[in-house]
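Heads up, there are several structures right after this.
One chain, chain A, links the two complexes that follow: it is found with chain B in the first and with chain C in the second.
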Partner chain A sequence: MDQLLQHLVNMLVLGGTYALLGIGLTLIFGIMNVVNFTHGILYTFGAYMMFIVVHQLGLNFFVALPVAIVAGWLLGAVIEITLLRPLRGADIDTTMLVMIGAWIAMQSGALWIWGGVAKSIDNPFPDAPLVIGPVSVSWLRLFVLFAAALLIVLAYSLINLTKLGKAMRATFQDSDTAALMGVNVSLIYTSTFAIGSSLAAAAGALLGPVYVVFPQMGDLAAVKAFAIVILGGLGNITGAVIGGFILALAEELGAGYVSSGYRDAMGFLIIIMVLIFKPTGLFARAERVG
Partner chain B sequence: MKQIVTLLCLAFFASVPIWLTDPYLLNALITTGIFIIGAMSLNLLLGFTGQLSLGHIAFFGIGAYVSALTSLGFDVPIYGDFHIVHVPWPPIAGFFLAIVISGFCGYLVGRLSFSVRGAYFVIVTISFAEVVRLVALNWVELTQGPLALTNIPSITIGLPGLGYLVLKTKFHNYYLVLAVAAISYFLISRLVHSHYGRAMRGLMENETLAVAVGIDVTKTLTLAAVISAGIAGAAGSLYAHYIRIIDPDVFAFISTVTMVIMVVSGGKGSLAGPVVGGVIFGLLPVFLRPIMPPEAQWITYGVVLIVILFVMPRGIVPSLAAKLGLARAGGTRRASVAVSERTAEEHA
Partner chain C sequence: MIRTIKAASATALAIAFLSSAATAQTIKIGVNEPLTGAFAASGTYVVNGAKIAADEINAKGGLLGKKIELVIEDNKSNPTEAAAVAEKLITRDKTPVMLGAWGSSLTLAVMPKLVEYETAMVVETSSASKITTSGNPYVFRISPPSFVEAAAFKNIVDKLALKKVDFLVINNDWGRGTAEDFSKMMKEKGITIGLIETMDQSAQDMSAQLAKIKATDSETVIITAAVDQLTLIFKQAAALGLKKRIITTGGSQNPDQIIAQAGAAANDTMHLTTFLPWMPEKTPNPEATTYFINEWKKRGFDFAGCTESFRGYDGIRTIAAAIEKAGKAEPAAIKDALWKIDVKGLNGDIIFKKSGPAGQESGQSFPNVYLVEISGGKIVMKDL
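Moving on to the complex of A and B:
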């Protein structure tokens, strides 16, 4: 029982960042119909930005976080404008392969610049964990949970309460009609990609200090993000949040009760199971899928 | 005309080890050849049925492990005192078993994943390959996990009246790979020009229409998946017996990407495409290695992929064929004939 409680607490911390990753990808996948293989590299990029600002520039941990998010936003905008904008109207396989090319090039770039040795990021929190009854959680992880929750709420408000969010939702439902109504669809695509990328960078910046930072860290993160998107249904933000927590729960329980070697297999198994038995995702809005 | 070109190419490839003695280059050619076989099998799915499988390396890896384990033997505890023990068989048996088991895995994956299309199909296939990799990494009793299977024997062929020939040298392996590649090429060529091949192309171009005229979609796609996986398994087996050591890295996603690059750059849906793309991208590292560090090589790889997709989205072979077809259409033939021939050439 105590062990289960501990797993549930870990699930909350992990689930928050997974939800961020999932929201970013589901926006891009849902609105732009692009299978974004650079999502993982944005996650890596966010973590390295954190490392650079804290260790190489010597600035405060709490300054580094917004810097990483803004840097992710900028990189996302650059990728969209240079690679995806010229390919508007191309089929999904072509954009997917271009994204794979960009991913290979950027990951090798990260390896070239920062080397393959894993780096850790210092944090200002006390080492001793917070202990409540049978459960212990480090202060850093607690901060990660709250920061992720804040970012999820921000993303939610952006999409549901602002004019930009309304235009994004309109583009998702029908890009032609949205364009007729005066929505600058091209700008919406760029904003969507940039926002999705900044969320991935945020997830990397938050989990980077918890684990270690290395160039390939984003590969698994990208696959997990795909699992979350499939679980939640394409373009479904609430689904992505719930999917993030479900994946985190499956991983925690899988690692705790089956074998820690199969922790990362959970995401893949979820993808396969969901697509076989319920291809529209668990929380699908029945229309507009596929 | 077409057959003559194919035979000339085959004769040229067969002559290579006679005048090329540099072992480093010959090694690069053998591994490239193995990957070209993989790329040809991927092209059967990607180019002729339109399904982008990004888990193709799973069948390659399964073939490699099946073949290696068949020829090495194993003793795996299943439950309590119950063990499954296998005594080593000759490597050539492993080669054929690799084809059968990979083909069977192709059948299973095909049955399960052809219910979804497009991006979802891609993601299911990636997931399948990753699950297989994690099993290979974690089932240490069977696969040795990250410690790798070592000392895999070379393939031995029994020649009637002449004893046994152990295919251990690069010279022998080159011809072995070339023979398997030629057989695979012939098989795929026969398949895509058959009734089934037309059904495949029909449902790639318009699935609803194909169903309406009575094409059994699942059966056709599964057939393509089985043959494709079987050929990939054969390539994996060749890899295992040539390199003679395999670890779970054989399932690396980047290897699938390499095959996809070979197919897409050469021209998907063209029989010669994967060979042309494969020779270019297989030998690119050989030329890049002296002038740049490995990371820069991979950056070049990624950039070249993007540039090809921007400049020649249909690939090298179909683009050239279209040019030649246009030149010919200017001659005495009627335009409609030239057009239908051009579409034929794209698929040839």
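Moving on to the complex of A and C:
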């Protein structure tokens, strides 16, 4: 029982950041229909921004976090304007190839700038964990969970409650009609991609100090983000959040009670199941066909 | 403009010719190490150690009247890449001998290439026992196989009064091989083996495995992983309130780095290592050890890396001794000469003994193994 409680606490912490990754990608992949291979490198970028601000500029940890998120937003905007805007209207394969190229180029760039050796980021939280009965969790991870939860709520409100969110949804449903209604479609494309990117950078910035930072750290994160998006249904924000927690739960319980060697495979087993039995994702609404 | 381009390209061509003429005057040694990916930190340390040896040899006039040149390639901590790197080093760079490939799975992936191209490789770090028992006559290993580590550890298990032990090992040939050799030895000693948990080499979150280990009734955990993963394990174990005795194996722990990054969580942990940079006077070759450590510090490298980098240093000196003995930089001659050398390594004499099936034995040297304990943030040697 104690072990189960500990696994559930671990799941919450892990699930929060998975959800963040998932929302970011579901905006881009699900709504914009861009197979975004740069999502993982934006995660890596967020973590390196933390490293730069905390260690090379010597600034406070809590200052570094918003800096990393804004930097992720800017990088996302640059990618959209330089790579995706000229390709609007091109078929999905062309865009995908360009994004693969961007991913490889940026990862090599990170390797070139920072080298292949992993870096660790200091944090201001105490070493001693918070212990409640049989369950124990580090303060840093607790902070990560709350920060992730806050960002999830912000992203959700932005998309569902604001005018920008309404314009985003309108644009990707029918961009011609949206344009006729006075929506600046180009701006919407750029801001959607930038918001998705900033969420990936936020996940990297939060998890960088928990783990270590290295140029390939985003690869596994990106694969998991795709898994979460498929699990939750393309373009479904709530689905991405729940998908993130389901993946974390599967990994924790899979490693805890089945086999730790297959920890990273657990999520994919679930996805295979979802694709066989409910191919539109667990939470996708019924779609009109044709 | 066109004239400038022409002049520039002519110069470039001339430089290319000159430099290719210059490389013909050197003896090339291939270095196949992980410089990116999960083992980047360790592989980089080994390469820096190798460079110290190469510079030392070249400063003394080189080998056979030529300078040595290290051709360093990144195997990306990936067995497929390691095999490709070996092929590239042998066929394109024509290196007559190689150093590599850090991890056991990486080395095992390279081994068929050694047979295919009849080129020897000095294995500096890998510890899976099967590397030198599978009948590959081109493998010469200077690091201890895990069964040797297990045998050295055997003497101390009574003193530590071990009763029940769990394992957390990296899920590759290195980790699984260690778990196998250590549990065999411990079962003979009447120690109960509990869980054998594994983790992917690129995994960063081991909380699930550690939560599972926390819940068992064992008093000790044996952990096998490289330094980056190890520091994460220490932090995560502390965060989970895991209060068991931790012993690490494999010699890639860099205890100083664990102290620096895991802080108080590192206290009372024990580490099986193959080098004692903290107490050069206790090493088999104090003078060389002191030289190496001073050179390492002079270059501004992190002292913590010494426990890993000395392997690169010893590896290149082993290869250099063989080339000297062979009298020519040719693959077959170097392979034969490796059997005849006696190098004063930083961790004992490097002399290759035959290992594996008759007729196609691999070379295995048997260096010392030490047990150190972190106590009050300091490293203390334990008697084995």
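In this section, the second predicted complex is superposed on the first by the 287 of 290 C-alpha atoms of A that agree within 3 Å, B and C clash if a C-alpha of one lies under 4 Å from a C-alpha of the other, contacts with A are read in each partner's own complex, and residues count from 1 in each chain.
The definition used in the following text is that contacts are C-beta pairs under 8 Å (C-beta built on N, C-alpha and C of every residue); 3 or more make two chains touch, one makes a residue touch a chain.
Every value quoted in this text rests on a predicted model; they were computed, and no experiment measured them.
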item	value
Which superposed partner A:T238 touches (first chain B, second chain C, both, neither)	neither
First (chain B), second (chain C), both or neither touched by A:I230	first
First (chain B), second (chain C), both or neither touched by A:L111	both
Which of chain B and chain C A:G101 touches, first, second, both or neither	first
Contacts of A:I272 with chain B and chain C, given as first, second, both or neither	first
Chain B versus chain C as contact partner of A:P86, first or second or both or neither	first
Touched partner set for A:F29, first chain B, second chain C, both or neither	first
Partner chain(s) touched by A:T162 [first = chain B, second = chain C, both, neither]	neither
Partner chain(s) touched by A:G261 [first = chain B, second = chain C, both, neither]	both
Where chain A meets both chain C and chain B, residue numbers	111, 259, 261, 264
Contacting residues of chain A [partner chain B, same complex]	29, 33, 35, 83, 86-87, 90, 92-94, 96-98, 100-109, 111-112, 219, 223, 226-227, 230, 259, 261-262, 264-265, 267-269, 271-272, 275-276, 279, 290
In the complex, chain C residues that touch chain A	35-37, 40-41, 44, 74, 171, 197-200, 202-205, 207-209, 211-212, 214-215, 228, 231-232, 235, 238-241, 261, 263-265
Chain A partner contacts - residues on chain B that touch it in the complex	52, 112-113, 115-120, 122-124, 126-128, 130-131, 134, 137-138, 253-254, 257, 260, 264, 293, 295-299, 301-306, 309-310, 313
List of chain A residues in touch with chain C within their complex	2-3, 6-7, 10, 14, 111, 115-118, 120, 127, 129, 131, 136-138, 141, 211-212, 214-217, 220, 251-252, 254-256, 259-261, 263-264
